[in-house]
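Shared between the two complexes below is subunit A, which has subunit B as its partner in the first and subunit C in the second.
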Partner chain A sequence: MTTDRGTVRSLDDPNIFVETPATIFDAVPPYPPRTEREAEFYHLRDGEMLLNLGPQHPSTHGVLRVVLKVDGERVTDLDPVLGYLHRGVEKICENGDWHQAISNCDPLEYVASMFSEAMPVLAAEKLLDLQVPRRAEYIRVLCWELNRIASHGLFMGWLALDLGGLTPLLYGFIERDTIVEMMAALTGQRMLFNYLRIGGVNRDLNHDFLSRLGDWMGKAAVELENEAKLLNENEIFVRRTKGMGTLDREAALRLCVTGPNLRAAGVPYDVRRAHPYSVYPELDFDIPTREEGDSYARYLLRIDEIRESIRIIDQCLHEMPDGPIMAKIPRLIRIPPGRAFISVESPRGQYSCYAMSDGSDQPFRLRLHDPSYFTLQAVGHLLPGNLIADSMAVMASLDPIMGGIDK
Partner chain B sequence: MSVITRPWNRLSLAGKIILPLFLLLVLLTVLLIAGWQIGVIPGLIEIVADLVRSNIDIFRFIGTATVTLLITIPVAFVIIYMEMKVIAFLASRIGPNRIGPWGTLSSVFHGFKVLAKEDFTPTGADAAVFTMAPIITYLSSVLTLLVIPFAPGLVGLDMNIGLLYFFAVSGLTVVGLLTAGWSSFNKYSLIGGLRAAAQIVSYELPLLLAPVGIIMLAGTLSLNQIVIKQAGWFWDWYVFQQPLAFIVFFIAATAEGNRTPFDLTEADSEIVAGFATEYSGMRFGFFFFAEYVNVFILSALTVVLFFGGWNSPINAQEVLNFLHIGSLTPNLDISTLGIWLLWILVFGVPIILLLIALPLWLLKSSWSFVKSLIVAFVLFNVLAVAAFMVWAFLSFEVVVGLIWFLAKVFTFVFIFVWMRGTLPRVRIDQLMGFAWKWLVEIALLNVFITAGAILLLQELNR
Partner chain C sequence: MEVKTRATGTKAVAKPSEESRVITAPNDDLVEAIVVENKLWTPTNPNAYGGLQPPQITHLRAEEHADKGDTGRWRALDIIPTKADYVLDLIRLNSLWPLTSGLACCAIEMMSAATPWNDMDRFNMFPFRASPRQADVLIVAGTLTTKMAGPLLRLWEQMPEPKWCVAMGDCTCSGGRYKRSYATVEGIDRIMPVDVYVPGCPPRPEGLIYGMMKLQQLIKERRGHWAERNVGPTVPDGV
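Now for the complex of A and B:
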């Protein structure tokens, strides 16, 4: 293939590494620019260099590839390249029945998969107009909030790791591992739970789970404070995050950013309060917000959210009624024709699903709205002008998960 | 044949190694005794001694160079193990615990692993420069060991410009890192190399300016003389006369050694591994070794300049004079004890045994009294031998000095490791700003204050 940069041969050519080593490792795509933006981006001015960040890079949190245009250490422009983790989950879901869609949606948000697996479940329940038993609802809320803590706990560690601190990651992992083991006692899996069912949940709470949960709840608040003490007032950490990657209110709203990133910019939008689902209206919890919108605010906000989640779990355990955990529905469900839109508040924002049914036992269409994808759009808005080191910190503080972005 | 092969096959791997070594040892002993009896060995020794005596300078040079190079290997292994274990404890993990007792041999096996790995040169790399870079880095750290006084008389070369030599040679590190970054044909390496150049050149300035006060106080550039000037009690160490200089020096040394929070040259979350991204095998091993040897050397220099080198914190002579004791090593002539020796053996030993056995018996409810007595006897023997060894060692000034020096140095190595486990990384502009806006100014201020104080004292004493 011939471009304005010379002839570029196929990667399968065995002689490629001998003949054109310089061009083949370049970040420039081996085809002529398709859009004006691409032409402008890949045209280098004096002193600029393209730096290929990913897809195999320690701190892109998955297989994200970002082509950075750098002038020395300063990032002048960037081009995120998506699709390295694309599996066509939405299409796969259309070829299986509704129950299979649950386990297909599981690995989308692989750090908090209880939320992505809720998508087909809640959509089908809405189409069926099904009343889920109250005990099942409470168990779901319990699992969601536990999963939110696990996800945010991991976030605290990852942010520190991307800033060069080794230890907080492992403390974050202690917390996460306790919860994940607890969930494994309940669901049988550590990461991809496959626990929710249309009309309820898979199994009732068992002794193993409850004893682990009780042990953990006794010390959760104290351990959270200890963990927060590692970083919150660390001078280097504060200087690296305060005022960095400031996402203001208007930009966040325009970019459709939701979740903690939006609340850190001062918008108290939380699906659990704005469009209540499950038993959240009956529970007493606050929506923490912060005004600054920078990396530090996003970090502190997630710690506040962990505190609120602990409150919710406490209430769930106190108010959980006895009763069945599954609604009376047949094993093979035919969902009535129609369309449904549902959304939940995942640790990364509003996770929504738009489902269409044609009356068969398979979803006709299952479209997923992943908050990480919209968070990632903010990266292009926030990084230019920063240093390379800060681009990692800002990306980590936005906390995108590539599984849901590439689907 | 099976008479030999069957027992051999039954041996474990360790046995297969130990048995031939043991036989070899027996053979060597027999040969040595025989050779001594015949008179061959004394003659050989005489010839070798003559050779050494006539070429003492050459042998001294070869010996010093060999020891300086070889000492880096155990030092690096110890520090690597220490780093793995300390960071593991900081993160409430167990750390290496598989190879050797408590995982002590794991860093040695890391070394073997690095040796066994493929030594890869990427396409487009400048192969000659790519190979030279780790050697330059390694040698520039190792060569500085030459002037560091480990103990009284135990110094590779007592140069009268030792400090200047140290900074001149360690400044070459940046050449290695920069060429490594440039020759790797990788943008991450390039950024890492340039960061290293910027960082080390910036921090060389405060690192050089901080000891100027000490040079003025000591009146010499020789590290050995600087240590001798700090003899006495611990308040005679220069850290108490130059606290500002110590703070500046320690921060600059952290940056100079590319340690957290200034490890931007190999920031794994930003530029993968910096200048070492494309390196593998032993060429990477040299970088790895150089880094840990650097930690040791910078700690050693901190100790030498600010913490009295091999001097003990207690002025032993003054204490002995105060207590009216002539020497620390008492007379070993037991005949002076006379009949008291009998009393000590008859009553002293059983009393000490009981003193050890009783707490054991009281604490361990499952142990019978006889068992605790036996354990106490073993413990007593171990303690007695240890006490005797300590006594023997203390009578050698070199050994005492070396123990104090290494204890102080590894305290600082521990602090370096501790910082690595605790602090996040600073940003490049914060790093450079800190050097130029704060450290250089503070170091200059320190030079000014020290010079003023010296002049003032001279005026007052006149």
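Now for the complex of A and C:
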């Protein structure tokens, strides 16, 4: 049937209609293999088939698409397809000034956006060689650790959800909503805070925030233990996570995996300790590590990290000095030309930024290094050999966030 | 039967014969299989993908090539709204089943709306379904990129009628903070009809629930008259 114009919208530009039906849900790409790897992957041996997972799938944590090559119920190989959430953040940052870059970087790691919005802030401060007031530093650490707990709380729920249990998700969201409502009292927003500023923070602590925080701190440790009880010794949970997706120490280092996934493999690397920033050197906390490197170890390690974060918050509240929350800087900043590399420890690992400034009020280049992207590389090593259902659980235990991966 | 051309001056004689009384099926284009030839490459296994033969499923061809405009969606189904729809719409608005189609940040707030703090189930918005074939409402939560536009449109077309669409967040309403990006669709109403817009970056869960309650009100007001609803692109091109 031929018509004047095509009947199918183009994938590149939805305003254009094209004639050929796009095979968007076909696992096999509509072009000949471009690399040896593609030729090998899309050549099927006896008994193998391709299974397209995503981009809309409730357990891919966003819009990741994975083409699985399965033999029966076992995954033998996989080919991830990225870019379904590529929003061009780095390019947008170059077109706005440094202050706008803060809010543009916010939605990258949307579960813990206080970390991704710190990227242009810390880079500009390093280029300016700016001394941030100590009260602002303590407030930043307080917010970072609160956000880390919210992120890890969601992780507990998602991991259990991918294993088929809904209840831990409800508990995880209670914890997360308590924290983000608290942060909303401080920053004015629940998710994309836009709170950090070059030279300090936006607002000082207020009564609403502190009273909510005090209420929560009184019961946080107890509630954490209660929630951990739901899963820690649950037989189904333990059987489906213990020994699954074991990432050994050499492979993790070779793949540039950082954060809890690396520490669960036995490498005690934490940016807060290895390359201290802000006021972390003054605070007393441990870097929990585990030796096993499997899904269960990654889960337990995150619970340990929540405990450490509660310790840090407690110290922040007790040692927070009085004083200004913003350094004295002009409203229109021209960052001196140069290059800076900064990194923070986000809930998913080392979140880094390589910034270049040409002396104008706009960043010349803001290269963002997201830990989720490197974590996702490990998926290709961990999934083959597992059942399809277990591969979802392994992917959930690595906790990637697609917003940061596709940028 | 003689047939002569007009130039010779004799009329064409057409007598009813046995063959012409038999009503033959018109040569409908829709019945013919649509074969997209794969000229680009051939798999190593010649029997793979059904030996590159056209699929045998033909009953959806008519819908596939019908007018995809908003008014055309009802035409394909040949439904005349009756009094029964007044009652059925009351049932539908009190059990809206949304599709879990989280795209980006707003998805977290959408999930938060379904969990204990803001329990959406209280307001008859029932559990999130993972399959478009079981869903009534498509909540587009998060930035829609050009690469994701095709799959999302396919999801929308897979949902059975009657169906509604809620645009959640600034990115889906108008492009939001990524309006100037080279990779995003500036508002999903450029590619699909939208019933309710929920602005915010991201909107609070209460905002989403309010939008869904507005949708219930909208279904109630227009019950029995789905085809007359006025939805579609509201933002002119170039804005």
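The rule is short, and it goes like this: the second predicted complex is superposed on the first by the 382 of 407 C-alpha atoms of A that agree within 3 Å, B and C clash if a C-alpha of one lies under 4 Å from a C-alpha of the other, contacts with A are read in each partner's own complex, and residues count from 1 in each chain.
Assume contacts are C-beta pairs under 8 Å (C-beta built on N, C-alpha and C of every residue); 3 or more make two chains touch, one makes a residue touch a chain.
Worth saying up front: this structure is predicted, and the values here are computed from it rather than measured.
When the two complexes are overlaid on their common chain A, residue A:Val28 makes contact with subunit C while staying clear of subunit B. In the superposition on chain A, A:Val267 contacts neither subunit B nor subunit C.
Once the two complexes are overlaid on the shared chain, A:Leu170 sits against subunit B and subunit C alike. Among subunit B and subunit C, the chain that touches a larger number of residues in subunit A is C. Touch criterion not met for A:Ala251: it reaches neither subunit B nor subunit C. In the superposition on chain A, no contact is made by A:Ala185 with either subunit B or subunit C. Shared-chain residue A:Ala327: touches no atom of subunit B or subunit C. Touch criterion not met for A:Ile287: it reaches neither subunit B nor subunit C. In the superposed pair of complexes, A:Leu317 makes contact with neither subunit B nor subunit C. Contacts of subunit A with subunit B, set against its contacts with subunit C after fitting on chain A, overlap at residues 21-22, 25, 57-58, 170, 174.
Across the interface of their complex, subunit B is touched by residues 17-18, 21-22, 25, 49, 51-52, 57-59, 73, 160-167, 170-171, 174, 231, 234, 236-237, 239-240, 387-390, 392 of subunit A.
Against subunit C, the residues of subunit A that register as touching in their complex are 1, 3, 7, 9-15, 20-22, 24-25, 28, 30-33, 42-44, 55-58, 62-63, 83-89, 91-92, 95, 103-104, 107, 110-111, 113, 154, 169-170, 173-174, 176-177, 190-192, 402-403.
The touching residues of subunit B, counted against subunit A in their complex, run 87, 90-93, 123-124, 185, 187-188, 191, 195, 260-261, 263-264, 267-272, 420-430. By the touch criterion stated above, subunit C contacts subunit A in their complex at residues 29-30, 32, 34, 36, 40-41, 43-45, 48-49, 64-65, 68, 100-105, 107-109, 111-112, 115-118, 130, 142-143, 145-155, 177-178, 180-185, 190-191, 201-202, 204.
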